[in-house]
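Each of the next two complexes has chain A plus one other chain: chain B in the first, chain C in the second.
This part shows the complex of A and B:
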């Protein structure tokens, strides 16, 4: 009896080969509820340690915004537009508001334009801090994660002060301008938060050698022609040596009056994408300081009184609006037939391309251990992909 | 005004010289042209040759009264810094159009896959049009204008035994 038992308990190479017959190929499902992936999955085929194929599995956050917007007037859609991307709600507010403004042809008061840019850049800063936090987490650097989220909270305090909401501003940037003027003393508070953010950026530089460069240099390299073919935009494209930024190339609001640079790197790897974002934060701070220095007095919305819903009309027409979000190019196509609600809205988020074709391309041929570094170096957000 | 829009007018001139269609300059950096479905692929190829290498988005607008789907291709040129929109109309009863995957590759592939799922447009030549967002969906393409989502939700999710739901559904 003992002899039989022992034979059963002893696992030999022959046993293993029975379970895994002869090869090291297997399927591996990254996501959809992985702490680092967000609500999104990637089906991977792995050979040993190497990824042989990757297929994105989106749809977990599909809420059908484009359809929902066809049943709502612009002021309601402004609130809806917060939700397109959780991590940069104010930037999506701006995309939506600009599309409506271009259709209505309303002249936006200068003060409102400055506030819009101020909020969009603050939103970019906090979005990059989230990215830094999750990227640190992906690389096994918990300290960076906690610090980044801590410093981000200072920016959220400013959002709460100005918009009333920490993450969702409830359509603060609305068609015609913004909902409320800056409260008294907010300029000083913003300046203090900028100092705190700069403090964090210094820490990011100090941490650089410990973790980031070692885990990301030469990982997930994207060539320039591939990046353009796959539809990459924003920091991902700029890390491949293409000098392009919607704020410069296709200026909106007051960006053509502001002085800032477009950071570009040639390497195209995950490390280059990290450095680009660090540099972009510096540029955002530069923009915010200029805005605070120059912001004029005046109205914050045109018309100043919100039109009753029954009298809202969007003039007939169609527009395509492009904005530079923290993640890349965010666009809206809006078509109106003269009703109160838009007839058709198409939202184009940067992550639709970054999370499907670009990610699939980069993961193929990579090592399992590099998956999180590649994944987060793209700074992706499933919400604006699924919409 | 006319002077500053020289770049934009040049794009329309180039296109109308070859395709005999008119276009309009909406404003600085925005050019719109409309083309017949049969010439769409040729025009897209031509546009790529003009430098419109970034396919920003493809969209479909549904016009049930007219019996058509309107496709809009939004193209950006990194060198010229112009957004060109190409519009074309399809018969709603037979919404098939040539795929632009050979021109803009994977980028176009994923946009077409999305529109096939949400509007039911057939892109001939696109080999992978498997559903993207919706899981186990067997209803009509949900972004079409004649899909009544309110009725659909009512039928699927209204629990009539639950009194509190009456306020939402009745």
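This part shows the complex of A and C:
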């Protein structure tokens, strides 16, 4: 028997207004367990559909690398440096290895330098493919996500062949050179994978108009002066019209011998950041092709054998190195007091500044629907930010 | 993307091979130098302990063998704890006799907790 509801029991607009009297202000938590945020949280204050304030909430993925590195010799730290940013492990290997090489003053064999650049650029390519995948997912375009991750797997096959692991190369780029030489036939396989990546890039261009431009044009615009003031680096800064790239400004390894361009755009919005990454992939392919043509024969590591931990001595001194990673500028400060382990290591990833000041600045004043587009257009990595 | 292009892509996709394989009936070949499960050739081991020294996660420990093998193998040999191992392969690289190797076996998931500890044992029936 149904109870006849009287007028007082019905929930009406007036009832709701009594509970929430004309208030459209509320807190909104984006992450850290949100499928679109990736181990990182942003506390937002929303008014209706508009974000009135954003506060980044870091620390969810902190693992304490800097302290862990003080208890390990450089070769062991090379393995640890993979984990700083899962999405571009080889680039972080290179940052760490360069810092140690500068302290020890070891002359790196020329072949090892070429292999290092080859692997770092391959890592940049796969990192940009991951970005394309998650950016597509954030915009509700699942096909792009699946395709990007599918094509990325071809690059991972190459990593598996050369380093012995798909995602974690286990310090492949190590102090003194690289851990293994390129196996026979790997050059041909790399060229085949480059062709496949170019195929993917053509598809990315085809999808451009229907998905990306409509959701990202004019969204999350960062002005040049704000980008510099907030410490943006890499593609985020280049999308604001600043022509900067560590590979050109402060060349390391063999980058000064290679011919490549720095893509720059003036708009500063999420769409510009997307286009910059697409162009960067083209430049990376250009670099890899040049490296494959010129790679010399010779040793791959100096010294050739791994020194046992008890005999490792890092000369006293301090260094600061910087590299161009897929996401921006990655730096390492290392100080040694003459022991086997570094006295202090400071890693400075690009994402700390992208995920805290830049993201907070961009989210303020944006719409709820644009949050994922802004968030992923910065190509952020919580692992690198929290470290 | 125009409709013609869409139909073109649709037909291309219909008749092209998928990117994935039907595991476990098919599998992508794992390269020879893959960093998988460890294999110890105890007869070659000289008990130098370098593998235990270099291991970044202290997953390798030098232990003695059970009494019945002590006569033939009187020294200490590496015992591996796969729970701690990050499969970096530094133990393989530093081994002066190349007796510790990482194989391409990646099927290491097990419900048996004792299976993740790899005790040094002579080859053959035990």
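We take it that the second predicted complex is superposed on the first by the 378 of 387 C-alpha atoms of A that agree within 3 Å, B and C clash if a C-alpha of one lies under 4 Å from a C-alpha of the other, contacts with A are read in each partner's own complex, and residues count from 1 in each chain.
Just so it is clear, contacts are C-beta pairs under 8 Å (C-beta built on N, C-alpha and C of every residue); 3 or more make two chains touch, one makes a residue touch a chain.
The structure displayed is predicted, hence computed values, not measured ones.
Undergrad: Pick one for A:58: touches chain B only (first), chain C only (second), both, or neither.
TA: The first partner, chain B, only.
Undergrad: Is A:242 touching anything from chain B or chain C once the two structures are fitted on A? First, second, both or neither.
TA: A:242: touches chain B, not chain C.
Undergrad: Could you tell me if A:250 is touching chain B, chain C, both of them or neither one (first, second, both, neither)?
TA: first
Undergrad: May I ask you to decide whether A:229 touches chain B, chain C, both, or neither, giving the answer as first, second, both or neither?
TA: A:229: touches chain B, not chain C.
Undergrad: Applying the document's definition of touch, where does A:353 land relative to chain B and chain C: first, second, both, or neither?
TA: first
Undergrad: Per the definitions at the top, what is the overlap between the chain A residues touching chain B and those touching chain C?
TA: No residue of chain A touches both chain B and chain C.
Undergrad: Contact residues on chain A for chain C in the complex?
TA: Spelled out, the residues of chain A in touch with chain C are 72, 75-76, 79-80, 150, 153, 157, 160-161, 164-165, 168, 170-171, 179-180, 183, 206-207, 209-210, 305-306, 308-310.
Undergrad: So in the complex, which bits of chain B are touching chain A?
TA: Spelled out, the residues of chain B in touch with chain A are 26, 29-30, 32, 53-57, 59, 61-62, 72, 74, 76, 78, 81, 83, 85, 104-107, 109-111, 114, 132-135, 142-143, 149.
Undergrad: For the complex, which residues does chain C have touching chain A?
TA: Chain C residues touching chain A: 1, 5, 9, 19-20, 28, 30-31, 33-35, 50, 53-54, 56, 86-90, 93-94, 102.
Undergrad: With touch defined as at the start, can you tell me which chain A residues reach chain B in the complex?
TA: 58-59, 62, 64, 66-67, 228-231, 233, 242, 244, 249-250, 318-320, 322, 329, 331, 333, 335, 343-344, 346, 348, 352-353, 356-357, 361, 386
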